[in-house]
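Here chain A shows up in two complexes: once beside chain B, once beside chain C.
The block that comes next holds the complex of A and B.
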């Protein structure tokens, strides 16, 4: 008994020794900046002078004063950014999911040149986002862009289309580029799942003469669901904090401003550390909330499987 | 070692020249290093480097030219990053006329240069750089919005340059239609800066102010955006889009509008004076066909030109502030401003240079400009202070909404006033006074 507890103790000690460096690193790179941002979100600090500020509780989030409501939760621009972010996340993730599954099914089929296809498919995903954003920005340029040149050449449009100039088209363009860029990621996850599926099921289905579309919805889709769930979680979290693509392609334009772009603008352009931190904290809370809802919604699913 | 040598030189100088002169020539110790960040538009950088190395030769100091981003917005952010980390990498900075209030905590007080500035320079420019009683930057060159027009076209159709916006709209529409019927299908009436950026704030201020609609935020920080004249002026501007101005003007900055005008495809253009020298260049298709007048006035208002321009400031974190100040004094001197005016068509801040025969010989249009400078209106940078970027962002977004047709002038100005109130609350303007 005592010998065992001594071994346990030794094990626990070595476990702590192994884990401690990781905990310290995490505290330094994740917990400390996060705590500092949350702290600043309750102050009125500015970059003009970071050493003197007042603690103002939740005034950066919501406060009623002088007959008006103030704070990010009542700021039309922040709400617009929230709406943009949600639209962007919902539309882009849905499209990526559908297209990703289709692409995965295609490259999973035994076609000639499959290996090349699989490699080529990953190119958009492999290019650094800033680079691909810049490439697309030039391609979509209204004066010298190749996209307009092709569309005009083919006679689809009369004059140049201002893809990234102020209109709802800018959001459409950004979603398009994001779909182009991250569909390969979804496709890769789905492809991995497809390759683990047992061949016998499909042979049985073929013997029974079941229509391939029915096979897909009744057999394939339920079997790759776990992979899809992982893909959606990854993509949703990524999309909610979308920054680089939007910032490079349309800057701080209101039509496409996401929550991260809003936070950057408040922090750097407007030097308003308090407000910008509040915007970042707001984004953090929203992402946390969405993750919790998503996990809760998936719980019955896991239980089902356990039974 | 260097410090020891400097000390020896200083001590020797003390005995050789006597105390008064050493105090006066404090910057002339040997081996002091000064870094300057100046603009890089056109030949700006070249002229800055020439003058700075001339100064270095005369004083025995060394000078380093720091490269900065070309876009003023990016440059501002670089300065904010450097200065808020109290970096001593840059001693002398070239700052925009609207930055004084935003950067003032990081800038050294140049009050000992104020007397000279007061005596010779445009008073509005000097006043612009006074923040809380400190003189934070010396005006270096100046700018104001002006109206360019095609002399040949106006003469051809028998018009004189417009004095009101209504005249401009009428003349632009008439010439545009006549030219198009004559087969010149790409001709437009009027181009300006309609992209959502600082340039639109400048254009919108000119419209609103020329209608007698104030400047969005009064010098005493009263919110003045929401008034019928301001709304009417923006509605009029929105009426130009797609009629006398191409829809693409919503994405034009200075260079994009100059591109259309200089290729001969517009009758009128609003721009800064720099476009003159380029429009009159050897290779310009409209060389000799261009005129410059003050911008039109609104009904019952007066012509208004947005004041622009650049100043030289000294960083508070500079290790050699005296030498840095001496460099600023050298670069803003009448001699150097005259050289820049002749070589680069840069508008001096010293009033007397506008009567200088050499300057006028090189730039005959400077006579027209001095009246534009007289009518110049300042962007609300002084009342907005450290919040100017935020206020300007709100102004250009509101103006853009009207130009795009998303909002009426009235609705946009109501929203703008609401937004400025929001900024005012965050900045606690109610508890503090306007920087004087």
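The block that comes next holds the complex of A and C.
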């Protein structure tokens, strides 16, 4: 008894010493810059001179002046970016989830070469996002791209398709690339969950002659639900802050601009730190809301694991 | 019955091949394109007729691409060493000790890992300017901590928690300090976990784009992703696709080799990071 409490005391004493350096770095790199961004969002600071500015309260977010509305919440470009981000996140995450489960089920089937398949799944994940963006940009090139050459060769289209050329097709293309790159990640998570399932249930279901589709919906899906929830939240947060794929493939084109691209453009390209910070703060609040919901959902799961 | 099973297996294998083709084709096509020179690159054929390494030569000589690779290596290695060092000690505290505020801290760190990077951009700009780190690799090493530190702490904490209690108790009974316990007892046991987490941190730092794009200015200070994204030709409509594909292949092949070599560990680390963190 006394030995155990001595151990606990020794641990607790050193605990804070061990945690502090990491916390200082996190405070410097995350907490302080975030606080400054929120502060800047209520100023008219510019990138040229970050030290002189006026405090203008919420004018960067919404303000009525001279009979007109200003601020990001009434800025059609910001609203378009919000819409783009939501569409991108909703469609890509749904597709990745459904395809990820299907791929995981295919790979989970006991066949020779399963290891090879898993290795192939890691390739899109291992390619840097900027590189994937460039490769797909080249493949989707309207004049010389291999995708158009294949589609025309097969007779699916008459002329070259302008995949990234400023129409709603650009968003479709970007979602397709994201699905290509991230479905394997979701599939790996689902696969890990599938491999923990007890074999006996499936044996019993097979003996009872229950249709595999029914087994999937009644047995497999409920059992892998926790893993699916985690995968969805992870992907959703990632999709909400999407920057590099869109920036590299279509630049600041209005059809595909996401909230992150909008914020960086205001901040760096237009040097408007106040407005850019307001846009960043808006995105931060949206993501913070999702994170809080996630942690609330995770808490009961963690408790189950601890017991 | 037997025929039906064979049909099923055949169907599955066909599905596998379709999925594998879809996954692997883009990189294959990048390799093929990188080996074609001049006007040959504009023929969208599926294999290189007269393979040449001219594009590779061009990308290494027409711009400081070797320097960009070196920059990326410096940044990624520094980030890995720093975040593993900080996270190992922190994870000992989180994984083994019970202290007040432990849960709250862990969830706060989890929250940081969900941050949109752009939300700290203006605040980081200010710090980078204040310390004169603009267009300096140190600004990247510093700012990358925001995404490597939270997940290394979380993954290492979950590994720490699973280590046997007896070894640590024996060490404490022998009068070992917490420092000795972490460095002499746990560090060797954690080695596999450190390899996995370090590799994931390395890949994340190697691939980062937003901060690298914003905090560097000159070609000599750029890291690989920014260098590739900003390769330009004579005009906006004449991108040197051969060079871009060659550069893409150069930086991706080592990564793919690394990932395939460590694939079991990586998958374990990824799923641990996702399920527990």
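Going forward, the second predicted complex is superposed on the first by the 279 of 307 C-alpha atoms of A that agree within 3 Å, B and C clash if a C-alpha of one lies under 4 Å from a C-alpha of the other, contacts with A are read in each partner's own complex, and residues count from 1 in each chain.
To be clear about the criterion, a residue touches a chain if its C-beta (ideal position, glycine included) is under 8 Å from a C-beta of that chain, and two chains touch if they have at least 3 such contacts.
Bear in mind that the values here come from a model prediction, so they are computed numbers and not experimental data.
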Fit or clash - chain C, chain B, common chain A: fit
First, second, both or neither for A:184, with chain B first and chain C second: second
Which superposed partner A:16 touches (first chain B, second chain C, both, neither): second
Contacts of A:47 with chain B and chain C, given as first, second, both or neither: both
Which of chain B and chain C A:254 touches, first, second, both or neither: first
Greater chain A contact set [chain C / chain B]: C
First (chain B), second (chain C), both or neither touched by A:271: first
Nearest Cα pair across chain B and chain C, whole Å: 5
Chain B and chain C contact sites that coincide on chain A, given as residue numbers: 47, 50, 268
Contacting residues of chain A [partner chain B, same complex]: 44, 46-50, 65-66, 68, 70, 75-76, 142, 162, 165-167, 252-254, 265, 268-272, 275
Interface residues, chain B side, partner chain A - complex: 73, 77, 80, 84, 102, 105, 196, 247-248, 250-251, 386-387, 389-390, 393, 397, 400, 404, 415, 418-419, 421-422, 425-426, 428, 430
In the complex, chain A residues that touch chain C: 3, 6-8, 10-19, 21-23, 25-26, 28-30, 32-37, 40, 47, 50, 103, 106-107, 109, 111, 113, 117-136, 138-139, 141, 143-146, 148-150, 180, 184-185, 188-189, 192, 227, 230-231, 234, 237, 240-241, 243-244, 247-248, 259-260, 263-264, 267-268, 273, 276-277, 280-281, 283-284, 287-288, 290-291, 294-295
List of chain C residues in touch with chain A within their complex: 9, 12-13, 15-16, 19-20, 22-24, 26-27, 29-30, 33, 41-42, 44, 46, 86-87, 89-90, 92-94, 96-99, 102, 105, 107, 109-112, 114-127, 129, 142-143, 145-146, 149-150, 153, 168-169, 172-173, 177-179, 182, 203, 206-207, 209-210, 213-214, 224-226, 228-229, 241, 244-245, 248, 251-252, 255-256, 258-260, 263, 266-267, 270-271, 274-275
